[in-house]
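What follows is subunit A paired twice: with subunit B in the first complex and subunit C in the second.
Right, the complex of A and B next:
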């Protein structure tokens, strides 16, 4: 695991940004711990992790896509679609619901990859279309309303229960991040992802299987979004065709806050997790601040504050990168 | 895959079939949809159908016109929907006197038209500032206002629905000029102005040049930063106007909903209309046609009993096919 933390060690300006997100996260946790009584209570920590695991999963897929220089706008709609599919299949058995949701996500992801590599359509357009299609399919399957999951087959365990005192969604996200880190830092294919982001033509000339890698990356992004959708359905007891609006941009923001440049070619899995947790914690801190009763900030402030966070981070990043190249 | 051989033949005078499809496909699709509807959809040829379709498409075209200019410089503007929410939240606050007490109603309504558009334009300027001054990628720079902008509108109104009845203000959406809905007139005027900007002005040429090759544009002395900032300001201002139209049409302003998803509708219209997202091209007329085709597809499906959700899937297919044909034609 020490290498996991070493991946934060500074090598370039991008790494400085990655350290920045860790410092910001630590500062926010410290701020919360000193200011609010129950901020570090097990209840708050566990419910925070339970809820934010979905966003962490989507951010991981997005990070991999962005490292190749692409983008995946479909993840929010895919999560909604997967939540509907898994809710519809949950009466059969819990693993049918799980497999159905993941399968739906994987299918959209593969479709994205095929449209991008075979038809050579820009990722932005291809995944925008997939977003519309997934959204429409989810509404059709769900008949425009939320679909209740079955409570008899144990499907809700995936979202609501604990394992070894830790929420199951958090275990899933943790496992995904460790696998993602191993893939990126320890496998040849992971290095291919970064090489493609650095320059697709160069990577192709070096003999890397560009198309196959891209296909895989979009498939993984879809799969993780599908998993997030399963957790969504299991946690809230319903498949929700209209959920997930704006999740893709939240995920992009997490990746950017985590110091991964949208141009591709660099990035870190660990810092992406920190970015997702940081943006999620803004909401958590806001709740506690309201609980103190001195000021009353409505929930609407959270998007303003998240936007400001994003602004500060990207401006700092821009400053750092322009200094290092100057 | 057999299309690749077209690259061998084209001469100066004859365009390949693919190029013809690319150039006129959106018109053909539009005509085909018209013919289909006249034949199949009951009561299609009526003023009401025309009005419904044109009023629904007006806001998309207005926003997509700004988006076309931004995309022509190689950028993108994700903030338009949120800026619509800000402008839509501001206008009722001004003429209902919540912001500052104004006794003169005519003045209040005038300000309700001007201030929200100026604020949206200022937000657009900020987008441009981030893009040009800090060299932040447009998609990230405008993401800031996409996330924060709607929050600002919600905070301003505390998330409450503002219901109002103000005929002078609502003229922008309810009124008619020579029998034509005011918003449709506005849409046409804006599209024509943008067309003239691109076609006949130096600034228009500079926008295309910046998108075509930014480095070359800078070396030829084009003020790249100023040109880029300009397109984001215009995009913001047009989003502001669209926000006014939406709230005037609904007699209500809901910061949670105004302009929701508009950025994607506008980008889709631009893409179907033939301006590639890579920049260097601004086909305003194509954008108008793209928006009309998307709207007409949706109307055709709805009028014939296909659920709205299925229309989304069809729209997705339409976008992919349109972009695919254009890219192929470009390469040949």
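Right, the complex of A and C next:
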């Protein structure tokens, strides 16, 4: 094989899974485009991007956490908390709302990181506790109801307006993914994230600063969840203390579908984005199917179908992966 | 003197792991560091690299007093360590592994081109031409080790510590490794070589430091230290006064052979082992660490597949595919490490003892509690297990009593062959002789025991016959009449002519 072709050959089993998610995404878009009239309409595309940007942001943070071999169950509750905080602060100015939401997320993330690295608590437990605490705090701050944002300070622009024809949330997510990709693929610290996921003890013996890296990763996950919360509040005009339930699972699913191993040490930012888009696309297709009027799927059935779809993708990936390593 | 560690002491939970140990290494010197399990080698190394902190003592490196608080610090000072397995991040590329934590940068980002070229260049020094973009998991053990060494070289290491570097290499690969080590020496790098294969130590090392029970017991130029002397230092000579338990010789050869290995081999660790266990005898299995004793037991017990040679049980050929098959023939194994694959700490004595028997204790799918109770109390009585009640968690028992419960686990299945790997490790001297007596009386009742032991006094006291392994090969079989400290040491140092038991 010539060196040129060799450079395209998958180098690890993860690469195959990543190719798989792209194929699935392309197939689903093709299916939608052929079957439904307005599937590729600007309106559908833009509202799809506007809504799914939040999930893409959360999935990015989750991907980094999972690459270290950890998990962050608090992201959904953190997004809800951030949406409340930003809604409460939005009357002051739009950037107070933005900074407040991001800050709230960052704080929970830092706390997660500290509990995990200093107190040596399993990430699953630490972030589960953070999820409950963030959820309670959000309800307390919001008095158990949604909190309207101010429409006078321009805060809603963050969620509702476009820039150069694309929704601002999509630009934010795109920027985050470009930075995330640069970080993971091109910065030494990004490679350390993967090396730590490969084996914490080994990484420490190789002289990597394991605790500091883990702290940073959980902080970033919290920050991105906070950002998603800000977009949530700005997009729907209200801080939503009861939103975000199950978002962490959606994020985990996106990451896994993107070929990142739950055991850590491998993964890709681009495939995580593809995974998040794929899961959103399934949702979108089901909505269109309902719109055709042939069948009427309740939200419950949609959930069942999404679950089955996820299972099929993951099983296919497992097959691909085991063949390549056999 | 490149490194001088003096008077190093270290205790864990009140138990001394090192007592005033020392280690001195000259510039470009290759130093062998040897000792049995628990002698304190790895504790000493971990103190040097900063993974542990010493309680007492001084460390001078390159003429300066040092005290490293982490492996990262010692690495920065020029001390690199290559551990047996956990060296590299398996899913990361070769180039990344070489440069992790010291990546070449351009404008703050990774300079991937420099990384790739640098990695290829340093590997070329060791005659290794591989795709440095592939994950290290794709390569064999020898190549991964080269990558580890390359990593150390790019760190400008002055002292390279290698922990059993040859344990997973074949002969050709060992030769490559030795060439690499000599190249390092020529470039002014000193090496600490921790190993057990004596021939290898003599082939590559300049000097040897021998440790035992947390002390440094001898330091010598390699060539001035005869093999037998080295083994004697490692094993120690203070033989505890065990009552001689072995039966009178003579009747032994008349007993039928229960289990027999002929030219057995599996993987790299077991190369050519002849071994027989007769009915009603304690057959000892001796050898230095890494000589293939435990691995031989794993073949008999069906954990590892017999790849070469033959295994006979009661005269018919066997090749156990899994432990269940060996167990079905009545073979039991009490493993070396009680804590890892023996006891289940939080379970009761009752449950631990009847774990292997459970399938037979079923009555309509449910454990027959009355029979279980009867069996458990019988063995508690007959083995003299000291406990408050059968429902006490096993972790609350002393080491000796835990070991008795593990023996009972197999004994209650009524085995014909019982393999005990280091049966008295970590238990006090009184309990030791009790366990030995127990094994003796079981043998007298007809059980065939294979006793793997590093403790000479144990073998001398209890075994009817000892097979000595060296480097995966059985090098001697010493019958009762020839069993002496002198002969055992000589055989372990591999100075015996063939398997006949004649001293060279």
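As a convention for this text, the second predicted complex is superposed on the first by the 310 of 326 C-alpha atoms of A that agree within 3 Å, B and C clash if a C-alpha of one lies under 4 Å from a C-alpha of the other, contacts with A are read in each partner's own complex, and residues count from 1 in each chain.
Just so we're on the same page, a contact is a pair of C-beta atoms (placed from the backbone, for glycine too) under 8 Å apart; a residue touches a chain by one contact, two chains touch by 3 or more.
No experiment lies behind these values; they were computed from the predicted model shown.
Asks: What is the contact status of A:198 with respect to subunit B (first) and subunit C (second): first, second, both, or neither?
Replies: second
Asks: Could you look at A:137 and tell me whether it touches subunit B, subunit C, both or neither (first, second, both, neither)?
Replies: After superposition on chain A, A:137 lies in contact with subunit B alone.
Asks: In the superposed model, which partner reaches more residues of subunit A, subunit B or subunit C?
Replies: Partner touching more subunit A residues in the overlay: B.
Asks: With both complexes superposed on chain A, which partner does A:265 reach: first (subunit B), second (subunit C), both or neither?
Replies: So A:265 only meets subunit C here.
Asks: Examine A:206 and indicate which partner it touches, taking first as subunit B and second as subunit C; both and neither are also allowed.
Replies: second
Asks: For A:227, using the defined touch cut-off, is the partner it touches subunit B, subunit C, both, or neither? Pick first, second, both or neither.
Replies: Neither partner.
Asks: Just to be sure I read the superposition right, which of the two partners does A:188 touch: subunit B = first, subunit C = second, or both, or neither?
Replies: second
Asks: Using the touch definition from the top, say if A:25 reaches subunit B (first), subunit C (second), both or neither.
Replies: A:25 sits against neither subunit B nor subunit C.
Asks: Is A:252 touching the first partner subunit B, the second partner subunit C, both, or neither of them?
Replies: first
Asks: Let me check the overlay on chain A: which residues of subunit A are in contact with subunit B and also with subunit C?
Replies: Common interface on subunit A, subunit B vs subunit C: nothing in common.
Asks: Considering only the defined contacts, which subunit B positions touch subunit A in the complex?
Replies: 76, 78, 130, 134-137, 139-141, 143-152, 154-155, 158-159, 260-261, 264, 267-268, 271, 277-278, 307-313, 315-317, 319-320, 323-324, 327
Asks: Over in the complex, which subunit A residues touch subunit B? Could you list them?
Replies: Touch residues, subunit A against subunit B: 71, 115, 119-122, 124-126, 128-133, 135-140, 144, 245, 249-250, 252-253, 256, 262-263, 298, 300-308, 310-311, 314-315, 318-319, 322.
Asks: Residues of subunit A touching subunit C in their complex?
Replies: Against subunit C, subunit A makes touches at 11-12, 14, 182, 186-188, 191-192, 194-195, 198-199, 201-209, 265-266.
Asks: Considering the complex alone, what residue numbers of subunit C touch subunit A?
Replies: Listed in rising order, the residues of subunit C that touch subunit A are 51, 70-72, 75-76, 81, 83, 86-93, 96, 100-103, 105, 108-110, 112, 133-135, 151.
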